[in-house]
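This is the structure I have questions about; it appears just below.
For reference, chains read A, B and C in written order, and residue numbers begin at 1 within each chain.
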């Protein structure tokens, strides 16, 4: 058993690295919540601009936030935006992709048109416009919905492409001749074969959503009161922490963001290998 | 080829794709290797050219080309041998032609790869000659693969294979995707180029009818072993090995209706071979020795070898 | 008596739409009635481009003809009700060529057998379903214990194809359309599968339309044969007549091109005289004229009708113009 597991590690190193990185992050957040007082992520909880010390292992920022607490509190918030937006995006996108590819015709043309146009419009621009229009203080969940509004486009297109090729398969024809209806075929015949692919798409979408949300937050269009990673970077920018040499302030969020993206990236590559047997290397 | 053994390493242990296969090929001779799927015939062809990739490996055996053991050559020397001395027309080669390159480029590519330095004019002339020798019009040189029919593509592949005048041509299922009328044309082409070059041909396939009508000697493979090898007439007049006999009996003929019977049972999985003779579970004449000892090839009649305890 | 399934003057043209340049005439004015009372095995033989796959799809209602009609029990497929379609899908079953593609790799092979049972309510209970499935598996020579519960990749191509035949039997059809059922199966297993088809026909009275490029197997199992060339019937009739005494030059070419598994070697030296190559363009006359060694000027002008040279055979060739001409029907 252990031997088989070790062999799989060697074969799909990416997947394991991805899981390990994200696991470490989860540990950080989990233990952090137990050990650290997240209340200290609010302004004026600590003396301002202190470099890392025993009291404040990550230092403090200009508004008196303990940065360790901020990271512990903020990381799950950022991830939550990513997950909600990612799941919503892939959920809606795949349904539309399935329907569009299986039924073809007018439905397909409409959905495809929307997706193609939507993808050419610069996403960040749209998000900025939406965020700016919703002037009164954003919550984390509202951020998620804003990002989700565009996150469904790419999954719709990729799922559609996959289903288009799958619907010509012999077993779909046999299912039809055996009396299965359209929706039944989508759910029972096509979906199970797409699961690995959907998982990879999901991780991708989560990654993209986190990036989009951080982008908006850095521009100051995020939930101002929340200690998300992006907001922390906004304050870093706002207070010119780089020029002032307050390195501990920008280092922590950047390292965590790096771990998040690397973890998600390796996870994607690892899942891709499962989804696409042709990429599998022999031992 | 002497006692060639090719293994595929799997998580469950080594699988013998070919086991102690031996045969000899005379100059200008046509040898057929027939077998069904999983018999090891393609593996054997790739092994001759040392094209076996991991997880496969050549575990044992020698392959002598005239007086050189191919197994002993360096990778670079082996690369020189490929195409120039031994050419391979692989399975499905007509689908492996580069779709975005014209035919003449693909032929010239092969020449250039073997450091043949020719001027542009000489190259064009050579391409024209080659195409003519396989019965293709000179205009084909400027065409793309998708503009050609299946038979024409396959003949283009033959042209590439003979471009360096090899001594041995190995054709692996060259006509399996082609219509029967086109198949005849392609095989006629192959016979013609073989005669022009004085080369030997190893034809690998599963169509016994094709073998009967084309090759001089025929070897039959089953589960990685060469169970019989004889002059082709002898095989069809009086097959020695039960598998050969039953295989021929399973072929539909035009003589009378209702005369073809399948071989009961299933082809064995190479990783799960029965003990003793690999064919014994399906053999109507099997007796207890067949379950214990693996039969070794013996010369039953002059020029005819078979591996069976009954003989 | 209304035929069970009939193609009447069916023509199918692909392409030729507003934005496409070339149109392909896949099948032209083809007729084939399949009677129910006399369950025969009819072979449709043709090479690639002959239109045989198109014919299969037309007969199954998977595509609509450009001209002519496909009739089930006298009703045009295009104007059938849902109930009619259900009856059609029970009466007419199909076996496809590729034993790999037809299985969803996610499910065990049982899925392909349980689905029709469920959808068509063939069994009242789980036990009944199991009994029915085991019954049809045994009918094709498979052992249920060795077959059920396995994934497709665990079975050989021959076994998978036999499961497909079993599946076809579940619905107790009156016609099975087998589209190249053994071309992707190993030689030693082909005979068994084809033997099953023959016994299904003999014992259960199920008509079979066997579509193939392999004249030898077509000869072995069928009663009558239709030879297609580029969408039109070249020769059709009793299989012994057509194969042993072929009259159409194309049939003769086909037969001489097949390498026989015997000790005599005449294959490479035989010259039948027909030329190779792809004749391009749609000419008005006989489709084979460009390659035919006996082509006359008449052949290039007008399509030859089917001349009935024997009681059970027709040939579409002016060489036999002395025989009475049949309008469109194949016997």
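Please note the rule applied: a residue touches a chain if its C-beta (ideal position, glycine included) is under 8 Å from a C-beta of that chain, and two chains touch if they have at least 3 such contacts.
Because the structure is predicted, anything quoted here is derived from the model rather than measured.
*Asks:* Please tell me whether B-C or A-C has the greater number of C-beta pairs in contact.
*Replies:* Spelling it out, more C-beta pairs touch across B-C than across the other pair.
*Asks:* Using only Cα atoms to place each chain's centre, name the chain farthest from chain B.
*Replies:* A
*Asks:* Determine the centre-to-centre distance between chain A and chain C, using the mean Cα coordinates as centres, and give it in whole Å.
*Replies:* Taking the average C-alpha coordinate of chain A and of chain C, the gap between them is 53 Å.
*Asks:* Roughly how far is chain B from chain C, going centre to centre by Cα mean, in whole Å?
*Replies:* About 32 Å separates the centre of chain B from that of chain C.
*Asks:* In their shared complex, at which residues does chain A touch chain C?
*Replies:* My answer: residues 169-171, 173-175, 177-180, 189, 192-193.
*Asks:* Name, in rising order, each residue of chain C that touches chain B in their complex.
*Replies:* These residues of chain C touch chain B: 47-48, 156-159, 186-195, 213-217, 219-221, 243-244, 253-255, 257-263, 265-268, 274, 276, 278.
*Asks:* Which of the residues in chain B come into contact with chain C in the complex?
*Replies:* 36-37, 149-151, 179-185, 187-188, 191, 206-214, 233, 236-237, 246-248, 250-254, 257-264, 266-267
*Asks:* Any idea which chain C residues touch chain A in the complex?
*Replies:* Within the complex, chain C contacts chain A at residues 60, 62, 86, 89, 93-94, 96, 98, 100-107, 112, 115-116, 119-120.
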